[in-house]
Amino acid sequence: MGDVKVAMIVQKPQYKGETSRLAITHAISYQTVEILLEDGETVTPKLCFIGEGVLGLQKGQNAMELYGITSTESHMKNTLLVDLDVLVCKEDLDKYGIPEDAMPNADEMGADKTIQVVPFAEIQKAIEEANHVMFF
Amino acid sequence: MGDVKVAMIVQKPQYKGETSRLAITHAISYQTVEILLEDGETVTPKLCFIGEGVLGLQKGQNAMELYGITSTESHMKNTLLVDLDVLVCKEDLDKYGIPEDAMPNADEMGADKTIQVVPFAEIQKAIEEANHVMFF
Amino acid sequence: MKLGVFVSDFNLTVDTLDRLKAEKLGIILVQNGVYHATTKVSGKASSLLDKTQNLYVLSDDVQIRGLKVEDVDKRVKVVNYSDIVDLMFNDYDKTAWL
Amino acid sequence: MKLGVFVSDFNLTVDTLDRLKAEKLGIILVQNGVYHATTKVSGKASSLLDKTQNLYVLSDDVQIRGLKVEDVDKRVKVVNYSDIVDLMFNDYDKTAWL
Amino acid sequence: MGKLAIGCFPGLVGNMTFDFAMKLADAAADKGHSVSIWFSGNATGSVKAHQKHLKDYSTGEKPLLALIAKGVEICTCEACTVARGVQKPESIEGVQWNAMHWYLARVHAADRVLLIGGE
Amino acid sequence: MGKLAIGCFPGLVGNMTFDFAMKLADAAADKGHSVSIWFSGNATGSVKAHQKHLKDYSTGEKPLLALIAKGVEICTCEACTVARGVQKPESIEGVQWNAMHWYLARVHAADRVLLIGGE
C-alpha cells in the first residue's frame, strides 16, 4: 500500500490532559516516518478538531510564560509548516462563538497551508476516505 | 482538635479509573492513623456514594478471576469490618434501578455495620457536619 | 464505511456518535460503557441502543461489575475478547475508541 | 456551610453542583472550567454562572488558552493563585474539587 | 492473518483501559494475528521494570512480558518516557524505544488500527 | 498562618491538574502557610528522579524540588509508587514515603483540605 490516509480527530479541549496535545505531535511525526518505510510509502494524516476540541486552538496563547510548556498555538503553526491538512469544524466554532480569524496561522513563517474551517460534513468525508481513524 | 470528621464522596463508577477505588482505601486507612496522631486524636471518615458512584457497588463482582485485582465488593466488606460509616444515595440507586439488597454486606464475616442506603439529604448532612470534604 | 466504535463510559462527554454516519455502525460496549446494556436510567434504556442493530458488550466487563449476562438488554450480543478481535477484522474496516 | 468548589471541566459529568446546598457557595473556575466564564454555547452563557454570585476564574488558565480577561463574563471575578489561597482560608471553610 | 496496530495512551496501575489493551492484544495474538502496541502519554509509565504486583492494583509488567514472549511488538514513546524520569536501562527488556513515527509506520502496515485515547 | 493539606491524584506530564496543585502549594507557601502534599494514584509517578524536562511537557521534578526547598512537605503513597516500579532510591530526595494514613494525619492537623481527584 503506497499511501495510507489517517484521520486524527480531536474531540477534547487542549491543556487539561495530554491526549489532545499528543494528537497534534503524532500527526506532525508523519514528516519523518519515511525513514521507517519503503520507497514510495507514505502516511498522510488529516488532523480534525470537532466538539470541545475546537476550544483550545485560539491565537494568543501564553503557555510558555505561564506554565513553561509549548503552546498548542505553536504546535498548530508547526502542523501548517509541515504541510499537514488541518480541518476545524465550522458548526462547533459557531456553537462556541469563536470567530474564524481566531485560528492561528503560520503566514509570517512562510507556511503555504492554513487551518481550514469546514462543515462537519467535510470531516465526515475525511473519516470515510481514511484507511484508519483515531479519536483523541 | 480531638476528632476530625471527613466526608469522602465518590461520584464516579468503579474500575475504569483508579480514583474511585482509592477513595475506599483512603477511608479504610483511618483505622491506622492513630500511630501518627496524639492520644485522643482521631479521624472519622464517612464514605458516601452518589451519582454514577453507586454503580460499582453491586454484589457478585468477579474482579480477581477476570482481571487479577481485588474487587470493590471486597473493599466494601473491609470498610464495614473496620466500622466505617458507608452511605449510599437512595435516589441514585432508584434512578439506576439497583435494589438495596444488591449492596454488599459483611455479615458472614461478623461485621456490625451494614451499608446505609439513605436519601441525598443525609449525605448533604454528612458534608455539612464534616470538617473537610473530598470528592472522588 | 463499516465503523466499529468502542464506548467505554456511561456518561458520554462527546456527541461524536450522534454526528458520525456509517453504512454499517457497530457499537462495542466495554468498561463503564457496559452500563448502557445493563442499566436503565429512571426506567429508560440507553438511547445508544437505538443507534444501530449491531450492539456488543464485553462479558468480562459485565461480570467484573457484579452484573449478570441476564441483565443485558436483549438487543445486545454478549462477546468476549476473542470475539472482539473477529469483529474488528471481519465485520468492520475501521475502529474507533470514543 | 461555606463551600468553595473548584470546577475544572467545561462539560461536567457529575450533577453534584446541582444537588449540593451551601449557605455560601463559591465557584472557582480553573483549567477547562474557565470556558464557563468566557464562552457561550449557542449564544447562551453557562448556567453555572447562575448558581451563585461568588464566581471566580483563574487568570493564568484564561490566558494560556488564548482567551482574554476582557472575554470573562462580568459576573466573574478574575483571580490569581495567591487570591485563591486567600479565598480558601478567609472566605470558605471547606473546599471541594468536583 | 491480519496485522493489528494498537495505540494506548492511558496509564497502567488501576487504569483498566490499559488492561483492555493488553487483553485485546493477547486475544489477537492467540488467533495468529500480528500485533504491535504503541505507548504514549501515561501508558509509557508501564514500561518501568520491577513493578510490584499488589493485589489492589493491576500491573503493567506481567502482561507486557507475556505479550513480548508471544511475539507482540511493543514500543514506548521515548520523549514521553524520559519526561517521566524512566531511562532505557530501567525499562522492561524487550520493549522498543522510538519516536512517534514508529506508530505511524506500524499503522501504515496494519490492517486494523485501534487508538485508545484517554489520560 | 494556616495549614493546608493538598491531596493530588492526577499524573504529572502534560496533566495540568498536577501543575495546578504545584502552583497552589507554591502560592500558599509564599504567603506563609504551612503546606503538605499527598500523592496518590498516577501523581505518584511524579516522584521519580531524573525527569527530563522537554519543552512539550510539564515536569514534576522541578516544582517538587522548589517546593521542598520552601519547606513544603511532600509524601507519596508507597503502594501506588512501587506498583509503578519506582523504588525509594530512585525517587526525588526529600520526598517522604508513607501509607494513606499519612494523608489523614495531615488532614487532621489542617485548617483547609483540597483533594484533587481525576486520573
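So that you can tell them apart, the chains are marked A, B, C, D, E and F in the order they are listed, and the count of residues begins at 1 in each.
Criterion: a residue touches a chain if its C-beta (ideal position, glycine included) is under 8 Å from a C-beta of that chain, and two chains touch if they have at least 3 such contacts.
As the structure is a computational prediction, the values presented were derived from the model and not from experiment.
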Partner chains that chain C and chain D have in common: A, B
Shortest path length from chain A to chain B (each step joins two touching chains): 2
Chains linked by the largest number of contacting C-beta pairs: E-F
Farthest-lying chain, centroid of Cα atoms versus that of chain B: A
Inter-centroid spacing, chain F versus chain C (mean Cα positions, whole Å): 38
Length of the line joining the C-alpha centres of chain B and chain C, rounded to whole Å: 29
Whole-Å gap separating chain B and chain F, where each centre is the average of the chain's CA atoms: 25
Multi-partner residues of chain E (each touching 2 or more other chains): 13-17, 41-42, 56-57, 59, 80, 112-113, 115, 117-119
Shared-contact residues (touching 2 or more other chains) in chain B: 12, 15-18, 22, 25, 52, 67, 132-135
Chain D residues counted as touching two or more neighbouring chains: 8, 11, 13, 31, 60, 94-97
Contacting chain pairs - touch in the sense defined above: A-C, A-D, A-E, A-F, B-C, B-D, B-E, B-F, C-D, C-E, D-F, E-F
Complex interface listing, chain E residues touching chain C: 2, 4, 16-17, 20, 23-24, 26-28, 30-31, 33, 111-118
Residue ranges of chain F in contact with chain B within the complex: 7, 9, 40-42, 80, 99-105, 107-108, 110, 112-113, 115, 117-119
Chain D partner contacts - residues on chain A that touch it in the complex: 13-16, 52, 55-63, 66-67, 71, 73, 95-98, 102
In the complex, chain E residues that touch chain F: 10-15, 41-42, 45, 48-54, 56-57, 59-61, 79-80, 82-87, 90, 119
Complex interface listing, chain C residues touching chain E: 6, 8, 30-31, 60, 80-82, 84-86, 88-89, 93-97
